[in-house]
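Two complexes are shown next, each including subunit A; its partner changes from subunit B in the first to subunit C in the second.
Presenting the complex of A and B:
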């Protein structure tokens, strides 16, 4: 009998640890990853010819980053590694990929999705000006290219990345004009008991705050974003917010990094037929999975931030756990102790994530205060007012219906950056709970591929 | 703005025919944004765009080679001598005959 095909999509911390666990059991997995080198976004590697140390690149997480890189490098020859390859569809238990070898179709027996996350964005007036980036994007500029997004950068939004990236910029010698946090100090205090589930991670966070204060960076909490100033030619020139006391505060800058923590990349799970459920804590529809990483679809497994945002430490554990589950489901003998340890690590991260959701809540209520002229869809310049008019005129109360009438979610990013805010806007305008609005359906290809190439497959 | 790693080998790109100094290991986005404030113009609002997510998800950083191929600047390495266009070359679009 031929060996089963076990495929892993994504070579971040979850995918790498899963591949290692499969190889240890004598299985040779296919590892499909869009990046040139393994590590994911969190442990993204700098190109050849760059010389910064692990400590410079990853700070307190240097040892973890190196361990994940070393782990994957040691698998060389034992995995069918396909870098720079986009998995753009899953259908009928086959993965459709586009990569250096062109289009391929890979039938699988077991599939582990480790698709990672992108930034969760709340639109702000002016966020389409050149020089405005996601927090994750600002971090990648520094990590992978040794560049700051501007000479003087404002960091605005909430969540752990807000402080992490700002502190990394300050440490690298880039000017941080301010950190503007929509969440309040009292929310952080209330979240402390849950954040103590991962005391080491909490200590890192406290250290970031201390570093920013020492660097003299102004930090404002409980702000409400008002506008990112700029113009069509020169891009970003400043940021105005309302402080917690209600005063207007304007800060000059030539770049702004923004975001509210992360959202999972769930498109492939949806195309694979996985059931989704609404999660009230993060106000998102997430793929359903059991404690060991099984989705609702037999043979399809989920791990890491692509299923639920639990962070890189938990992603390593969840990746290993899902791989062990695949092995167990296929009749291999696997260590109960290893599975139990991984389950506990994921459970601790879940409690910590509950803390983060309380400390840095998604400010969904801001959507009702957004002005009609604010761009909601950066891809196609569709405004908040356009969507409000569509809802009023058509009565569209469901996300995909509103998309059909307004084109919200139909642009080149396929709703990744406007979809969550659009759902909140619809819910606010119609007066229904956001879960009733549903979610934008995933569509293949999950990212743009060259016209014509989808039909040219080696079957 | 570069904050480190400035000792790499120099390379030259041509953006809309104008030489742009860059370094080996730069992405097209880095190389182009060191030379200019933006990568392209929005087809919808006309304003300058300079990318957004840097991880291949937002597709804001599309530019073109002079041959007309579309590339994502954030995830494409810069190669010495590459000739790029901030506008979609007219020849790339099928025209009515």
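Presenting the complex of A and C:
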């Protein structure tokens, strides 16, 4: 019998550990990744010729980053590694990719999706000015290119990335004008019992806070974003928020990084036909999977933050667990102990993630307070008022219907960055629970793809 | 149980045919109930290319197409909604590999003039100067300046809302499970238990139309197809007419237009498998790739542009690619307008107007003979 074709999409912590587990069992997986080098976003490697140390690049996570990189480097020759390759569609148990060798089609027996996450963003008036980045984008600029997004940056939003990126900027010598957190101190205290599920991660968080205070960075909690000031010529010039006491606070800056924790990149799971369910804790639709990483589609498995935001540590465990599940499902003998350990690590991370969701809640209620002139969909320049008017005039109460009538989520990002806020806004305007609004349907290609990538007709 | 809701006409199917028929029936004073199993204009009417094209249709269809285009030109005022109809022209081209099609287009242009469709034949330097973006393979073009394109996502819902403002009852997510004629009235039952009653029943259910006709003893050989569509990132607005390739070969039959927002919308090449029972289409990636290869023959520069979304929709086809349109041959008071073979968008408002006229007055100037429901019956 021929070896099964096992494909992994994404070479972050989940994909790398999965590939290692498969190789250990004698399987040669195909690893498809958009990046030039493996590591994912969190352990993204610097380009060739850059010489910063692991500690400079990854701080407290340097050892983990190095372990993941070394693990993947050791697989060289044992995996069919396809970097700089976009898996843009999945159809009929085939992956369609565009990469350095053009268009390719890969039929698979088993597919593990480790597609990672991007920032969850809450619009604010002025977030379209140049110099406004997501937290993840701000971090990538620093990690991959050794650049800051501005000379004087405000970090605004909530979630662990808020403090991590701000601390990384401070450490790199960039001026951090302020950290403005929408979540309250009392929410963090209430979440403590769950956060203790991963004490080491909690300690890292406390350490970041300490570093920021030592660097003299003002930290405000319980704020409400009001406006990012700026203009078309010079970009961002300042940020105004309302403090927890209700005062207006304006901070001058030339860049702003914002985000509210992360959201999974689930389009490929949807194109692969996986069922989704609404998760009330994070107010997102997530692909359904069992404790071992099986999706609802036979032969399609899910691991890492692309399925549910559990963090990089859990992603490593979930990647290994999903790989062992693939092997077990295909009749290979696998270690029960290894599977049990991985399951427990994922379960601990899940409890921790519940803590994070409580400590740094998604401030969905803010969408109702957004002014009509605020741009909601930056790709298509659709304002909050445009969407509200569309709902009032057409009765569109469902996400895809609102998209069809207003163009919200119809641009380059296909709603990946505005879709969650748009759904909250519709729910608020119509007076229905956000799950009744549904979610934007995923359509190929999952990212923009050049028509010429298909080649030309030979005639 | 409540008594069935009564009206003069029940329309089953809320695409462009049904919603425009509802609008024009209200304008003629008839009471209307429009039933849509999903959402108005969500299937073929909302997912098609958006061509408002007359040329290339059978000559006998041009009277209907002309009736439609008069409505398109008034649509914004009529519906109190900009449905993005832009009369920037429509062009058909043929390739050097099929020179015989240039003569066919020329003959068509001569014939169509008698049906008030003026077409300009272009080739050589004239064609290159006016449309410099066309590929080298393009040999000749037939240009219709008084056609254009519109936004399919907006049109049917705009008709339905306008009909509603005039008093039509519009029920979305109302799947019809049973239709029967009882005495002088049709009784229509929906999946949620609601009942509707009317002396006239109009079936405008697109690719799902045959199942309603079959219930009245008129089986029709309707099949479904799902065209291959995609849209690019926005570019500066430059391509005003809608452009399509004339060819007998499905693979190379592609078409493209640019919306004012700047995105290029394109479609064609091989069809996708469709599953009307599940309201589902598989957009096959290999078909997307085929479209992307073919469209570069038409306009080579688009190779550098990125596609941001692909989609499809379900269209109903009869063997002669003409619709069923007009009265039932078995049941009085029953009317059909479906199976427009992927070419119904432009006709839509004209079909709605014609069906309203036929139902309200018992007659119409539009020749409905080519569309008879019994044309596929033996003998």
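Keep in mind that, in the parts below, the second predicted complex is superposed on the first by the 451 of 459 C-alpha atoms of A that agree within 3 Å, B and C clash if a C-alpha of one lies under 4 Å from a C-alpha of the other, contacts with A are read in each partner's own complex, and residues count from 1 in each chain.
The rule is simple: a contact is a pair of C-beta atoms (placed from the backbone, for glycine too) under 8 Å apart; a residue touches a chain by one contact, two chains touch by 3 or more.
The structure displayed is predicted, hence computed values, not measured ones.
Undergrad: A:215 in the overlay: touching subunit B, subunit C, both, or neither? Say first, second, both or neither.
TA: After superposing on A, A:215 lies clear of both subunit B and subunit C.
Undergrad: For A:328, using the defined touch cut-off, is the partner it touches subunit B, subunit C, both, or neither? Pick first, second, both or neither.
TA: Touch status of A:328: no partner.
Undergrad: Counting only touches as set out at the top, which of subunit B and subunit C does A:394 meet: first, second, both, neither?
TA: A:394 sits against subunit C, while subunit B stays out of touch.
Undergrad: Quick check for you: in the superposed arrangement, does A:67 touch first (subunit B), second (subunit C), both or neither?
TA: neither
Undergrad: Quick one: classify A:89 as touching subunit B (first), subunit C (second), both or neither.
TA: second
Undergrad: Once the structures are superposed on A, label A:140 by its partner contacts, choosing first (subunit B), second (subunit C), both or neither.
TA: first
Undergrad: Once the shared chain is lined up, is A:235 touching subunit B (first), subunit C (second), both, or neither of them?
TA: first
Undergrad: Mind telling me which of the two, subunit B or subunit C, contacts the most residues of subunit A?
TA: Comparing touch counts on subunit A for subunit B and subunit C gives B.
Undergrad: Looking at A:338, would you say it contacts subunit B, subunit C, both, or neither? Reply first, second, both or neither.
TA: After superposing on A, A:338 lies clear of both subunit B and subunit C.
Undergrad: One more residue to check, A:412. First (subunit B), second (subunit C), both or neither?
TA: both
Undergrad: Where on subunit A do the contacts with subunit B and the contacts with subunit C coincide?
TA: 380, 412, 448, 450
Undergrad: Spell out the part of subunit A that touches subunit B in their complex, as residue ranges.
TA: Its residues touching subunit B are 34, 41, 46-52, 56, 118-119, 128-134, 136-138, 140-142, 144-151, 172-174, 231-235, 265, 375, 378-381, 412-413, 416-417, 447-448, 450.
Undergrad: Where on subunit C does subunit A make contact in their complex?
TA: Against subunit A, the touching part of subunit C is residues 39, 46, 97, 137, 153-154, 157, 161, 232-234, 261, 282-286, 288-290, 292-297, 302-311.
Undergrad: Along subunit B, where are the residues that touch subunit A in the complex?
TA: 1-9, 24-27, 30, 33-34, 37-38, 42, 44-60, 62, 70, 74-75, 77
Undergrad: Which bits of subunit A are touching subunit C when the two form their complex?
TA: 88-89, 91-92, 94, 96, 103, 105, 380, 393-394, 398, 401, 404-405, 407, 410-412, 414, 443-445, 448-457, 459
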